[in-house]
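What follows is a pair of complexes built around chain A, which joins chain B in one and chain C in the other.
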Partner chain A sequence: MKNNISTLCCFATLFISALFLSCSEDDNVQLDEASQVDQNNSTDDQIDGDTSDSVDTTASDIGVGEEFTRVAMLANWANNIIIPAFESLVDNMDSLSLVANEFTDTPNQENLINLKQSWLNAYLAWQTVDMFDIGKAEEITLRNFINVYPLDAQGMTTTLLAGDYDLTSVNRQDEQGFSALDYLLHGLGNSDEEIIAFYTDDTNGLKYKTFLNDVVNRMLSLTTIVLEDWKESYREQFIERDGSGATESVNSMVNDYIYYYEKFLRAGKVGIPAGVFSNSSLSDRVEARYRGDVSKELLIKALNSAQDFFNGVHFSQEDSGMSLKGWINYLEASGSTNNLDSLINNQFELIHLQLKNLNSDLAQQVEIDNIKMLETYDILQKNVVFMKVDMLQLLDITVDYVDADGD
Partner chain B sequence: MLINTSYFSKTTSSAPLAVFRVAFGLLMFISMIRFWALGWIDKLYIQPSFFFSYYGFEWIKPLGGLTYFLFFICGLSALCVAVGLRYKWAIITFFLSFTYIELMDKTTYLNHYYFVSVISFLLIFLPAGNYFAWDSLRGSRKLLPQIPQWNIDVIKLLLCIVYLYAGLAKLNSEWLLQGMPLKIWLPTKDDLPMIGFLFRYNWMIYLFAWGGALYDLIIPFLLLNRKTRGLGFTMVVFFHLLTAILFPIGMFPYLMIFSALIFFNFQFHKKTIDGLRQILNIKNRKIHLIQDTSFRHSLINRVKIGILVLFFLIQIGLPFRHMLYPGNLFWTEEGYRWSWRVMLMEKAGNAQFKIVDNASGSWFYVNNEDFLTSFQEKQMATQPDFILQYAHFLNKHFSKQDTRDFSIFVDCFVALNGRKSTRFIDPEFDLTKGYESFAHKSWILPFNE
Partner chain C sequence: MKLLKQIFIFGGTVSLIFLLSCEEETVTVTEEVIVTDTLTITETDTVTVTDTVLIGFAVPETYHFTRDGDTTVSYSGQTTRLKMAKEMVNALKDETTTIAKLLAMFDHQEGASDFSDADLNASSKQVKNKTGNNGTATNAAAIRVDLEAWMTNQVDSVFPAWTDEASKGLAGYIQEAGGGSTRYVNQNGLENNQAVNKALIGALVADQVLNGYLTPAKLNSGTNEADQAAQTKVDGKSYTNMEHYWDEGYGYIYGLAADGIDPVTTPGSNDIFMLKYIGKVDSDPDFSGTAEELHRAFREGRAAVVEAEFEARDAAAQHIAKTASLVIGVRAAHYLKAGQIGLAAVSPDMAGIFHDLSEGFGFVYSLQFTLNPETGAPYFSREEVMEMLSKIYPTSGGMRGFWDVTQSDLEEAATTIATAFGFTYENA
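Our next item is the complex of A and B:
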């Protein structure tokens, strides 16, 4: 009798442990997601207190040797690239807000020209953070409120004239952000005088002024929220989540980075206007279409930022730290080498060379000689393959993590 | 038929089969609940707008909202199998519903799902519901505590096939000499508590590679031999729990652990059942045992044996079909499935489809995200049969919009086991001119070492 029971106990223990293990493995993922949400919602102190130690110790680890650690890479990304880039963006948004106020107080040509320059500076600064769609930026869908193009100019004008609008609405995402400002500063008329006339108009001038300021202030407040979150709490969380799991920082960031490169840089800035996904080219889909002559400049800025991130170059500095390039070197040192980092960097150089052939207004390039745009797309695509296929395989990161069983 | 009749007349206790049935049914029941609870029914079978079919099974598609009902039926029948309620009908229903689910989209193909289908097919022919079952409790049925020995041995045989073929598949230079793909996978696990740091060492990778291959090859013999059975089972538990920790493989390790119990003698299983009876407070009713020996020579029995002989011939032959195809098996994947090739490769790809209007010559690229989930896209980009089926779907889709005539080309790059990505499919080949068949796909570019 005793024998029966003991056999059964073994059996039951095995079964229960099986259940427990199989479930706990799933729970981890759910827990991770849940805690991520929690962390996003919760604020400051306790997390600061908990994690500051670990960040300190890892910071000292970085200097020791060339040994790769995820935590060193995450720290480099957060401290030397992401946060400085957001700081620069918010600075630019601040001055944009000031200059916009000056213009709406005194709508004259001088102020309009200043405002246009401020807009361009901020737009260029945006290109350096666009790829960091993680944490607060992801939570509030920053990109969807800052840089959706093409603009729904007609819808925006209706909204603006109606006066009673809610810019936080999802339906208003294509009526605000940089492309709305682009239209408000360059697209209203053919000359500065014509444009200024909209703001000095007796009946609707005030509405244009209010809307302009509202759009700028919303962009300022959204980007500030993201920056503050990084500085106050998300930085620690980001660095602390240094595991190799699918929901950990490294996996999420690399996936976001590649997704950005593929969808927003390659397709959004080049492919869609060149018409690679449609039967005909769509020159009106370029970024900053009303301004015109800066779409290539924005693309170059975005491309440089993407390459700098890959190489771990500190924001607007020469120094660099651990990033994807260093990680690749580390991994290839211990195995067969494909010189993947050079492949990717060489491809970036080829893209830059190709960009030299393009008109500074990509819309014109599409209309005059779209072949060059199509070529650019194909050269950009090569790096999608290098990064998404070769790099992700080497780094053992799953593309757009799918939560399903494997063999 | 020239069968060794003395072997086929041998009988044994049905306790091992009953324990196997209970464990299998419960594990399947749990895995159905797990699948449902994780939201995978919706994610894998409801959300996608397009599904990859198996050749010859194009008529099997998800059923929309009814897919949930299908999973419900599958889970319910698994539970019925476990308790032994209307066993025959339950196991047939389970086999059909489970196999239907697996055939809905080959994106989700896994060897262990195939294993479940194969085992449940086998169970249809075995009298697993005769002992320690609801059916037998009611006393309405004949109790057959003695069943033919081969009824148990076929399960052992299938398990041996699975292990041996999995082991044989690992005997290649990638696995043994390059340490691939473990060299890619294991170092990433260095954040595991306790053992994580070990995966930074190269020798650890090779220990896992060689150990894994050796394990697969010797475990059947350790389990078959009475003297080494205890050791063998300990290894089974250790190995499968380790893989459960290291890799996201769901319920499979537990299924293998419980399946391996079949190798133990019937006394062990009797004790287990007696223990279960005590716990569940089921009286071991002394029903008059029918000494039914009709199974020995009945026609039905002969048909059963015939079917299973055929079944095993297929099981033994199918994994070798890749030899009929030219080229590298890992690269072309022609004859890769249904062969217990587990964890053998890390493959990643990117496929950009170009739709060319034959009349005007104008073209555009396809945004795969418009039609496929990221999981489907990932699987599609490395497997030629997926690429072909998707191209035909695209052709149909775009021809429907306007009645033009299209050619479809693919710009596809694949990286295999850490090699640099190279072109996978002939970019000049118009995929609308290719058709699925068992023949070699000549438009797969040769594999360059």
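Our next item is the complex of A and C:
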């Protein structure tokens, strides 16, 4: 029986090409490897989009073919980027804590304005470390206590007024951090006077003061813990784990970096407010929504930090050291040259160019002309493809995370 | 050599499909492409399809069947039951719902105001009497007791703790990390609403389809075979009895689809039961094509019924049993694995883990309603399912369910499931 079928089938197979010609309506026989195809397309697009003048604006001291070692890259990351960035953040958090104390001691307009500025400084400093969700930061889930947004303002108010709260609980993660401070400094009222009134109120003023200081001090203590851990022990561990395995430092850090870029920079700051993942746009999901006019500034800071990390640029300096860019150069010098590092840097430049078109308040941008936000998302997305697909393939690094299922 | 033969068999099949269908349907080119990279699993399926095609009747591209210009497809009763079940599951997430209300929704009586939808209230249909009723009477009773026990636990333990923080041994709410969704769990970390929801995918949907409507015993009952051969319609209807039975099976899966005629290319259903997870499995690259494969088998079987080609009909029903069962198996293993991966994190997100495991719990429960066409039995018996649940949700000896489950228990259960269905833990 089986024999018969195969004979019959073999016979029928002879007809297959003829049938193909007569039946199929078109000739778009496509392999089911969309990502592969996409990637090639986007690479072509990129080459067509002439941005060659912005190549190599950074990290020019990494010569093509310069000897690459993982340990050199890890040392550069830890010593010249990550630890200085955390030091700067903790300095900013220290100032914020002092200024917050001044404000709660004397709640007046001058102190409120100072506090708002300190908050913004610290928030900008946060953008330079957000991608380093590794070591102690990962262990204590730093990001989840420092910068969850949108804020659950109602829940936070209930918590604050109840008084007996536990900010270490996962249930409180969307009631603290920068977004809680944003609300406490900008969102309580329409004017400074209205906002200050919450802190001078006879009934609840003390609760607002206490909560404000508690939130700030917790942020200071958590970021300090991470910085100290880097300086005391994790720096050595991080640099020593210089193998090519999935759990070694390079693979972990590169995955964390791309995950951050994809989920928190691309989706969190742009895609979600623009409605890429929902049926309609959600302007109230922008970062720092209560302050309003700094969401683009925060995005630019995050983007610069991401690009600098790629290029190995030392924190807050012009110099640079061994980096992903240098590694790509090194590999390409010994094999096929696709100029992937230029593609990625060009794409970063295109993003910067696009950001010039956006309102400083991304919520307003969403409401007035969301098309520009969607375009921004698309331009950001191209670097996900370059880095997550092309770069990881070249560097032989496996993606260690999956996209959430969504229910 | 064997490989070569498989390629030939597959190639032959594709060409035969072309032969029969090139006038009325566009054969997807991707089928052709598959020849180059999938070879193993398709062999038996392919032979089945070949047999079907050799008999020589056309299979439409959509679930559209007519007689004398009138549609012969009807499954409004199934849509009604799915809507009732959905309202009941949603009521489990409203802490003001009473147990009396939930039990009345489950055991709806015609005219009772159990639902927000007046049409459902007026209906004589009911969820409970179609839940797990294709096995033994003892099992049917036990299954209903299980479902009612989860509902009771929800009302008695979880609702009163709605504003309390959950902890080991205490019911309450627990939020996913990073300001994520808030989950409401019982004292052992189980979301009862998920248990009920996912258990109904097996107990209501799979059981009715695989062990009920699509069985030869049901399809051939009474004078159905002779009626079908003579195209004798049900009085006052455009369809025959056998056609209607097949459609009722279809309706349990596709009854809430946005477009029941073409539910594969028009996703976006309101379904929260089987159809939703067919979509999820289909979007996993390891199982892509599952949605079309299942729907095609429904169309083939329905076309075979019209032609009174009962062997072809039963072959299609077996293909459906295998594929629909696989959907349950894949999701069961998937959620257990998700829980294992969650527990492996440096700082586990317990609410996220509980949510995955609660879904997994319901899917594992549903395994007892699957049907392995090669054995005629479920892939896992009720006894095996209950044993597995006691491992992934341990509550004896002071154990606190998902608070205490270990990664190795989850991996072991997921691997057992994957192996039974012929995939791997990696694929899940």
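By our rule, the second predicted complex is superposed on the first by the 335 of 407 C-alpha atoms of A that agree within 3 Å, B and C clash if a C-alpha of one lies under 4 Å from a C-alpha of the other, contacts with A are read in each partner's own complex, and residues count from 1 in each chain.
Rule of thumb we're sticking to: contacts are C-beta pairs under 8 Å (C-beta built on N, C-alpha and C of every residue); 3 or more make two chains touch, one makes a residue touch a chain.
Here the structure is a predicted model, which means the values were calculated and not measured.
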item: Which superposed partner A:193 touches (first chain B, second chain C, both, neither); value: neither
item: A:393 touches, of chain B and chain C: first, second, both or neither?; value: first
item: Comparing the two partners chain B and chain C, which touches a greater set of residues in chain A; value: B
item: Chain B versus chain C as contact partner of A:174, first or second or both or neither; value: second
item: Partner chain in contact with A:349 - chain B first, chain C second, else both or neither; value: neither
item: First (chain B), second (chain C), both or neither touched by A:384; value: first
item: A:278 touches, of chain B and chain C: first, second, both or neither?; value: first
item: Shared contact residues on chain A - chain B and chain C; value: 5, 8-9, 11, 15, 19, 22-23, 25, 405
item: For the chain A and chain C complex, residues of the former touching the latter; value: 2, 5-6, 8-13, 15-16, 19-20, 22-25, 28-32, 138-141, 143-144, 148-150, 152, 169-171, 173-174, 405
item: Chain B residues touching chain A - in the complex, by the definition given at the top; value: 23, 26-27, 30, 34, 38, 40, 43-44, 108, 110-112, 178, 183-185, 187-191, 202, 237, 241, 244-245, 247-254, 257-258, 268, 271-272, 274-276, 278-279, 342-343, 346, 348-350, 352, 357, 362, 364-367, 373-375, 378, 411, 413-415, 418-421
item: Touch list for chain A against partner chain B, complex; value: 1, 3-5, 7-9, 11, 14-15, 18-19, 21-23, 25-26, 70, 242-245, 267, 271, 275-280, 331, 334-336, 338, 340, 343, 381, 384-386, 388-390, 392-396, 399-400, 402-407
item: Complex contact set, residues of chain C against chain A; value: 5, 8-9, 11-16, 18-19, 22, 26-27, 29-30, 32-34, 47, 50, 165, 173-179, 182, 280, 288, 338, 346-347, 349-351
